[in-house]
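In the two complexes below, subunit A is the common chain; its partner is subunit B in one and subunit C in the other.
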Partner chain A sequence: MKWFFRLTSYAVLILMFSVIVLIILPGVRYFFRPGFFTDFPRASMTEGGVFPSIFGSLILISLVFVIVIPVGLLGSIFIAEFSSKRLSVVLQSLAGTMNSIPSIVYGLFGLSFFCVNLGLRTSLISASLTLSTMAIPFFINSAVEFLRSVPKELREGVIALGANRFETTLMVIRSSKNGLLTTLMLTLGRAFSETAPILITGAVFYATKLPSKLTDPIMTLPTSIYAIIMNLGETARWMAQGMASMMTLVMIVIYSIVQILRRRTNG
Partner chain B sequence: MDEVVFEIRDLCANYGTHRVLDHINVKIKSKKITAIMGPSGCGKSTFLRILNRLNDLIEDFSITGQILYKGQDIYKIKELNLYRRQVTMVFQRPNPFPMSIFDNVAYGLKIMGIKDKELVKQRVQEALKKAALWDEVKDKLKKPAVQLSGGQQQRLCIARALAIEPEVILLDEPTSALDPIATTKIERLLETLSEQYTVIIVTHSMGQALRISDELIFLYQGRLIEYGMTSDVVKAPNHEMTRQFLTGKIG
Partner chain C sequence: MRKSLLLLILVIATLINAETLVIKGSNTVYPIAQLWVEQFQKMYPNVTATLEGAGSSTGISALLNGTCDIANSSRFLKAGEVEQMHKNSRYFVPLVIAYDGIAVIVNPNLGIDSISIETLNKIYTGQITEWSQVDPKLPKKTIAAYSRNTASGTFEVWLEKVLKGEKLSPRIQMLESSQAEIESVAKNQYAIAYTGMGYVTSQVKALKVEGIDPTIENVLSGKYPLSRPLFVFFDLSRFNNMWPENNVIADYIRFILSPEGQKLVEKAGYIPAYGTSK
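On to the complex of A and B.
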């Protein structure tokens, strides 16, 4: 029986490893083409680099970061610390449901609400708001669990020293710091790799210049991969492979940080 | 005549419809160690938590009766954090905060708004000395408190309570998670502390109650069975139940 479990776990490991290797390896060599990280694409994406996509992804993630931290943190603190039992059940199931809605549906929502109703059009701001709408429930779902797992003794210990509600909450946040950071990293990782919501709310296939204001459209890594694969032939494929390797490497870095954070105690 | 710190009048406490304390009348004296004992579920922890008004946080918990702290009804106090600085509490499981040893002890002072660094330093040192922990930690004050042993952590929690200069220290089975050596240290410490502070300790260990307490309160199924000076109670328990508990037949 034991050999069976061992065999299956090895099989899974080999599968995962080969996926990673097969995605990363074919693209890595393009990193060394001159201008890959720094140039605009040229000649229908057959030459040049992917700089605008990198820039777009980074700026998008930064905006999501700026939106998710206050809203997500306040939301999860409210659910975990301040709301009544009944309300917290309702809010948590709401966040859970929102978390399982397919991302393309968020895209549609963003398209009709942010782009059309609010008149923000296909733009950086529409895309980051759409992505944040999706990322906030994801953040809240796991952050609430971390806040709740703070032992009762610690909470009461703070109160018994005469701390008020605010100071108690600060201590709870402090004690779940690593959990919250883990959650944040995972949320950003998800937002970084998500394609569908930005595809129809903020991304364009090709932009001649970098976005200079929030209402400009952007190029991002995942949407550029999609665009190349769907629209261009063999000659542009290398660029998609290069970006795919890059994204996978970024995700590996993010998950490594998450693993390190998980193993560290709050000190 | 000893000064009375707490006067409890006809206290009843309920979780929902379940009554956990039933018409308790008792006085707790200043600068003594009062041990509250009884078998599990007798309401002793609830009693202690009420004195810190910690059960306010629990939904569907209710009390009737009066608890007077130096003549003032504690359930009429508005500035609860000021009250809790006078009547503070140490818990069953050591609960160091996720910060350094120094910051743990300084925490109470920080939230009191004391900013004078020298004063904080001095009070932290005093508190650690009183809690008999100074010699063990003086060279590693910046280290995380979670690195200390269980017994050291509990003394740190006591030091943290002492730093805010309370009048009463409530302890809820402070040694039940500790080994005998650490327990002995804490018991010695409590005996010294009772010269300056009023100590109220919940314990289910009869041995501990007899070793350290001046006064004894014995609860059984939410009722006050026996109450008086420890030596008197041991010599001549008024109640059959107490006698059985003292001789190890129940509990």
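On to the complex of A and C.
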């Protein structure tokens, strides 16, 4: 019986490994093309580099972080520490529900609310707000678990030492630091690879310049891959392959960090 | 992360007065617009131009809800859109920027040269499902017919000129872009699809329609039955219904209609609005 389990897990591992290799290998050689990371695409995206997409993705994620860290952290602290039991159940199931809504629905919400109703149009700010709307429940969902897992004895001990409510909360945050960082990294990974919500709220297929203000549209890595595959022929394909392998490598790095942090939490 | 934040603040601080032009719409016009935008950037370094090409309907609805400045379209406004435009007291100026023939494409290995509108109608309404029904010499294989999705302006023109009010068969597979159609036809020997002329490559074969080749001359003279103009729309009500003078939209329009801009239409594989010297 044991060999059967072993065989299945090897098969799954080989499958995952080959998917990763098949995405990374064909694209890696384009990294060495001059200017791949630093140039703008030229000649209908058949020459040049992918710098604006990298830049767009970075800026988008920074903005998402600026929004998610305070809101998500305060929200999860409220649920874990301050709210009554009934309210926290309601809020948590709300966050859980929002977490399982398909991302394209967030995109459509963002399009109608941020782009049209608030008049932010197709822009960096609408995209980051839409992405944050999606990332906050994701963050809260697992952050609450980490805050709750702080042992009760520790809390009581701190209170017994004369700490007030604020100081107790601070201690809880500090002792679940690694868990919160893990959650943040996972949120980063999710926000980095998400395509549908930004595709219709802030991303464009091609921009001649970097975004200069929050109301400018952006190019990002996932949406550029989509745009190239959907619209341009063989001559532009290499760029999409390069970006795909770059994104996969970044995701591997992110998840490795998550694994390291997790090990540290447990040990 | 801190670094990119600093970078963001820096960029916002330094370039805050730059202008941005948001262009959306037709997938057919996309290759032309890409060339235009690249050239336009060289002429007006202060302007940022952004481009998207998901389909004519997406462009026009973006113009209606104010999320773009310029809408590319491979069809004219539909009655419903005109009505909505009037209701919001807006006025979208249509500019003919190029002519195009919808090329009917098949795999080069299929062995067919010409097709009639009637046959196309039968294929896309589902009355004919096998190639041998088109021509007894052709193999007895199921036709894999592809169409653009409903966001496409080419699809609307196809409905009007080929289907003539009849219903599209549910057997037809809807694809998201012209490039996807080209690739599907290149891979499948028994496939058929339709795209703008500019997308046709050597991987696929453009058929004669009613015995007429989709060439520049035949589209210009109107002989090719699936000819159509390509449009660019912009919203005049943003300028109090006066023609814009000193504005990035005005600069862009002046450029795309200039001889230089029209040369790029030809480069993208379409026919300039002024015709050609050839």
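One rule holds in what follows: the second predicted complex is superposed on the first by the 264 of 267 C-alpha atoms of A that agree within 3 Å, B and C clash if a C-alpha of one lies under 4 Å from a C-alpha of the other, contacts with A are read in each partner's own complex, and residues count from 1 in each chain.
Going forward, contacts are C-beta pairs under 8 Å (C-beta built on N, C-alpha and C of every residue); 3 or more make two chains touch, one makes a residue touch a chain.
Please read these numbers as outputs of a predicted model, since none were measured by experiment.
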item: First (subunit B), second (subunit C), both or neither touched by A:E167; value: first
item: Touched partner set for A:P151, first subunit B, second subunit C, both or neither; value: first
item: Touched partner set for A:T215, first subunit B, second subunit C, both or neither; value: second
item: Partner contacting more residues of subunit A (subunit B vs subunit C); value: C
item: Subunit B versus subunit C as contact partner of A:K85, first or second or both or neither; value: first
item: Contacts of A:L58 with subunit B and subunit C, given as first, second, both or neither; value: second
item: Interface residues, subunit A side, partner subunit B - complex; value: 85, 151, 153-154, 156-164, 167, 171, 174-175, 177, 265-267
item: Footprint of subunit A on subunit B - complex, ascending; value: 52, 54, 57, 59, 81-85, 88-93, 95, 97-99, 107-108, 111-112, 144, 146, 157, 160-161, 164
item: Subunit C residues touching subunit A - in the complex, by the definition given at the top; value: 1, 4-5, 7-8, 11-12, 14-16, 18, 20, 22, 24, 27, 30-31, 34-35, 37-38, 40-41, 47-53, 62, 65-68, 176-180, 182, 201
item: Contact set on subunit A toward subunit C in their complex; value: 42-45, 58-59, 61-63, 65-66, 111, 115-116, 119, 121-122, 204-217, 227, 229-233
